[in-house]
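In what follows, a single structure is set out as structure tokens and then discussed.
For clarity, chains are labelled A, B, C and D in written order, and residue numbers in each chain start from 1.
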Amino acid sequence: MHISSQFDSGNIRIIKADSPEDIVLAINPDNQSEFYQWFHFRLFGDAYESHHIKITDLAKSAYPDGWQDYDVLASYDRQSWFRVSSEFDGDTLSFEFTPEQPSVYFAYFIPYSYERHLDLIADAQMFLDCEHKLLGQTLDGRDMSMLVIGQPGEGKKNIWITARQHPGETMAQWCAEGLLYRLLDEEDGLSRKLLNDAVFYIIPNMNPDGAARGHLRTNAVGTNLNREWAAPSAEKSPEVLYVLNAMDEIGVDMYLDLHGDEALPYNFVAGSEGIPAYSPRLKDLEDTFKQTLLAVTPEFQDEYGYPKDKPGEANLSVASNAVGQRFECLAYTFEMPFKDNDDLPDPVFGWSTQRCQQLGEDLLVAIRAVLPKLR
Amino acid sequence: MHISSQFDSGNIRIIKADSPEDIVLAINPDNQSEFYQWFHFRLFGDAYESHHIKITDLAKSAYPDGWQDYDVLASYDRQSWFRVSSEFDGDTLSFEFTPEQPSVYFAYFIPYSYERHLDLIADAQMFLDCEHKLLGQTLDGRDMSMLVIGQPGEGKKNIWITARQHPGETMAQWCAEGLLYRLLDEEDGLSRKLLNDAVFYIIPNMNPDGAARGHLRTNAVGTNLNREWAAPSAEKSPEVLYVLNAMDEIGVDMYLDLHGDEALPYNFVAGSEGIPAYSPRLKDLEDTFKQTLLAVTPEFQDEYGYPKDKPGEANLSVASNAVGQRFECLAYTFEMPFKDNDDLPDPVFGWSTQRCQQLGEDLLVAIRAVLPKLR
Amino acid sequence: MHISSQFDSGNIRIIKADSPEDIVLAINPDNQSEFYQWFHFRLFGDAYESHHIKITDLAKSAYPDGWQDYDVLASYDRQSWFRVSSEFDGDTLSFEFTPEQPSVYFAYFIPYSYERHLDLIADAQMFLDCEHKLLGQTLDGRDMSMLVIGQPGEGKKNIWITARQHPGETMAQWCAEGLLYRLLDEEDGLSRKLLNDAVFYIIPNMNPDGAARGHLRTNAVGTNLNREWAAPSAEKSPEVLYVLNAMDEIGVDMYLDLHGDEALPYNFVAGSEGIPAYSPRLKDLEDTFKQTLLAVTPEFQDEYGYPKDKPGEANLSVASNAVGQRFECLAYTFEMPFKDNDDLPDPVFGWSTQRCQQLGEDLLVAIRAVLPKLR
Amino acid sequence: MHISSQFDSGNIRIIKADSPEDIVLAINPDNQSEFYQWFHFRLFGDAYESHHIKITDLAKSAYPDGWQDYDVLASYDRQSWFRVSSEFDGDTLSFEFTPEQPSVYFAYFIPYSYERHLDLIADAQMFLDCEHKLLGQTLDGRDMSMLVIGQPGEGKKNIWITARQHPGETMAQWCAEGLLYRLLDEEDGLSRKLLNDAVFYIIPNMNPDGAARGHLRTNAVGTNLNREWAAPSAEKSPEVLYVLNAMDEIGVDMYLDLHGDEALPYNFVAGSEGIPAYSPRLKDLEDTFKQTLLAVTPEFQDEYGYPKDKPGEANLSVASNAVGQRFECLAYTFEMPFKDNDDLPDPVFGWSTQRCQQLGEDLLVAIRAVLPKLR
């Protein structure tokens, strides 16, 4: 039996792995950080033998509530990921698995590797409507890439979309991928309509270092990027600095920041009702966006979510608040589940890459609804 | 040079074809009928030589207005169909084409063969959620097939969708195909939600004989099926008889009848405001359906369409009127263009199979919107 | 329960079909002919119910030996065809089948429809190295199409390949398809080498009328084309006339005529040892071809086959003999099984489309071996 | 303008990159080694602007002859790689390139990433006929994976195939992939025949550390694995140790070690004529293998290659010699070009992944030819 994590976004620490009946593991914290929650490892063992796996010390993980009612993801072929029934006792996540093949991967959510990210950027730039902009380099020397879709022009709105500030929230990039490819589809009427009136600036991976390193929440030096938007720095958060500079140069008429939520089993938005610039206009935009998305897909709901900020009490270091405030624009944090959408539970796959992608496609319908009202 | 139409849905008559500079053609009327408008033929000639083609005698075709601003469809590989700029003088449609390959197909709209239809039925039945029902045989001995998607159950709504009563309106089957495959997609949240609450009865081709024979509007014996719903007969319109009997047996809570319109360059619906059973409830259902579809896709609009029937003056031999009246349910004739959607014109492809399919997928969103209000 | 054959290459006659336990069928002879052996029909019945099917009156079929050890082919989705264990008593073929879907197709071999044939021609012509030539029209008005692969030039050899003179031998067209696409593959070194030195003239379907009509052996008017090569006529065998004229015009350096054999469970060749022009040179070419093919694939063998003609006693109305004699060239009838290759039996699929295609690819290796020796 | 290599198998050093007209680069030597030749980097610049790139200091590279007549590989989408005309002056390789997209990758040969390798292993193990064996961990903690294809059994021969001891020779893994998937194809008659009589032990990547690090020739600590087979050690060459131990345990009846040759523009084999155990039997096996491969594909030749070892003078630290000697079996080093096969030159792609894969498929034909003669 062998457990390994020496690959893109791998993260596990072996406490004990002598017997398949008693495998005990722990998760390494992000570099220079105390956050930990993301895991990704491979078990090589005997097919058709029962394996009892425990991931321990989770009471101190970033989101202990995330483990409640959470089922681990597993894959034999690294393409199809299914859920394995798991239990949480407040500190330890336990699951039993009898693999059908000697080698099986486990992860907190479906991984999205840097190789796949580079393939995405490289493929997207081949489309006529898409241009690849290199914003700069990360602290580990990886690319900060932005895809610009549509032709800038007089009166066109600038729509910004960022994903994966928190690198372990891979659903954000799966969702961005779905949105992106619909936008690039030259026979999709919705996309053609949108590109008549708007230009999209998409950063599919805000945190490639954290992603490759197997982090949950921070970049190479332990910075939580989504607390850096008030004052990003080249030393701690160049990723944010690049994007904010580009936003200042180009302008922002609407902003979506894609995330995953560890605890809540729903898709939902967090608005900017707490920013000083909040106004009836912004509220109307938020409502239009939400009402449209509710009509488009049963995967979205507006009942469960974060408590709303009181007026003026928003944390302005958070991306959507900072951008909403700075550009007085519609700005949403969009949250997807690690677990499942409890309104449409799927015991086999849970919240999946295909559902992320479809949600990305559906987001474009809601964007169209607000587009005529932007500024 | 050779022109042929000896294949599925082929239809052309050669008046003159001695020189590529002066090719004169005409369209055969449907069998036992005076309707004609559908054409489908193959030109075999010299690549890189200019061909001047005229289709004549169109003043007496079924929809002379259909030729105004219409561009012929052409394909080398029978997969990708593009538009060829055409002109209409009131009786003759003329176009010039310099093929890049010796062999090129032309058609009124993108063909959907009986072989493809059989493949569709055979493939769909493999899905767990789908059952193939054979309703009976046509007059030429082909199958009348219905696909039932979802598990019938207490309180579930019955949604009926028919396509291609008029066999030359192939866009109806392309659209039905898009709707069908989204419904069969087990990871599509919208479809899962719909199948929790409803069962779909889809007849993707109401008129396989007319389709294979290269008809525009009628079945094997010249019957316009969409005028038979008041009193279908085994002799003239068994296709309608089978479906109406099945509707009586199962019940109908909503009905969409998919069509193509020769003249109008838009997608639109024709409602049942003229049926005796029309009511505020039906009007509300119609409005909800339309408002949702308007929000979902810019391919749909509600400005251009047919003149509305006066109260009580609906033609009850037309499918959507007959079904709306008989079952007091939401019933729409849905029309797609042969030309293009002038709100989003595409000079290269015009209204295309991919757009038909996407519209089929989007129809499901509008169906979800009305579903809780049905009965 | 319903049995139908109203589709491309459909052929069955219902004797009795009242009960799934006693279905009795027969095969219609080819039009204006006494040959019968090809069948293709669809059963619509109750899933999970046992169906007992008998095909009767086979003692008088074209090849009674063909039914011995033969297993019927079945398909739910018209893509994947599998074998159903069958028994033959000298006159009746019997099989039991419990379908998992209500609708299932049965056929003598995997069908290759005229629609697919037209797709093949249309797709192939898009390749730079391929040109579509229309040789003429069949008696039913279908196309006689030839694909020319490679650029004619000084010193290049002319290789001719025909398939499916006998329309029920669909394996011939599946094989031709495999050979064709390898030849069109611009990164395949073997194909590039071949096209440096040779031009290929491929007629993938010699008998489209018989194919569409569901014939075993003859064309629209009951002519066995493979007995027409001594004196083809526009009235009875225009298909042969066109090809022979084209051969005369272009020249032939090698010829393969692809067939299926009803009885023998092997792939084998039938040479032209009985033609007057037979010579040590031709024998050497035959031997080189066979030895190479034996080395390339275990699907080929040279132990079982037809009895060899005595010198000078060949039937010169048969294509390979006629062409071998007329052009003093290597000319082979290549036979594939309806049953299986007993050297590598596959009880699930038997001889299959993929194996046909692979054999087509492998034939090119044997052609390369003889190429330097041709004339 | 920006040049980066911070990704799997990236390797470049920037000397000067201020102006697109004067980009000067160098290649980093393998870790703890003086070998260098592999490069892989991405240029981000202005589309449609001419870029002049020099790779310098190549007189001291591992194979200076490799740059003569070599054309650099480039790709926009990381899938399709094409050649860019390049010149070598004895020390510097120069090429001009005007990209059509802002971002373009350059490499010595088409990269094969560790992510793709893991996908290959994970996908292959899903086939019934294939089992994944984990041999151990590399010095960097990556997997040494072996795929066993076929069911071991009495009298079955053991065929071993290793690829990419030299990690920059990615063609070896592309070739192994082609061979592997043909072997796993359950409808391929050749593969079925082979698996009746033999079991294949395939190590598709002997050196995953060197591969991920962007090395040409050595592992993580600078060891040339193909000089370790006389006395592999856990400290310097665990990769070889694992495989040799597995060979001892299982036995070897035939061995192919797949490589790329930097200088020679041909595919060729290097035999074991210099080992003490060389015998007429081994010579006959070599000849049979070569003669068959010559007949199967024009991509192989036996005219150009390495000088033959004199009897008894073989270097027994080289894999194929060591294994040939130890197991007295047919053992070949198989070399593919970095440049092209000059017998079939392709100026657009040169030697490509598809040609590697086809060669892998064709190797199986030659293996079949020797199989009955093994021991």
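The rule we apply is simple: a contact is a pair of C-beta atoms (placed from the backbone, for glycine too) under 8 Å apart; a residue touches a chain by one contact, two chains touch by 3 or more.
On a predicted model such as this, the values are computed, not experimentally measured, just so you know.
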{"item": "Joint neighbours of subunit D and subunit B, given as chain labels", "value": "A, C"}
{"item": "Chains touching both subunit C and subunit D", "value": "none"}
{"item": "Whole-Å separation of chain centres (CA-atom averages), subunit A against subunit C", "value": "55"}
{"item": "CA centroid of subunit A to CA centroid of subunit B, Å", "value": "41"}
{"item": "For subunit B paired with subunit C, centre-to-centre distance based on mean C-alpha positions, whole Å", "value": "37"}
{"item": "Set of subunit A residues in contact with two or more other chains", "value": "none"}
{"item": "Overall pattern in which the protein chains touch one another (line/ring/star/complete/other)", "value": "ring"}
{"item": "Chain pairs in mutual contact under the definition given at the outset", "value": "A-B, A-D, B-C, C-D"}
{"item": "Interface residues, subunit B side, partner subunit C - complex", "value": "2, 4, 6-8, 44, 75-79, 101-103, 105, 113-116, 118-119, 121-123, 125-126, 131-134, 137, 140-143"}
{"item": "Complex contacts: residues of subunit C adjacent to subunit D", "value": "187-190, 192-193, 292, 295-299, 341, 344, 346, 349, 352, 354-355, 358, 365, 368-369"}
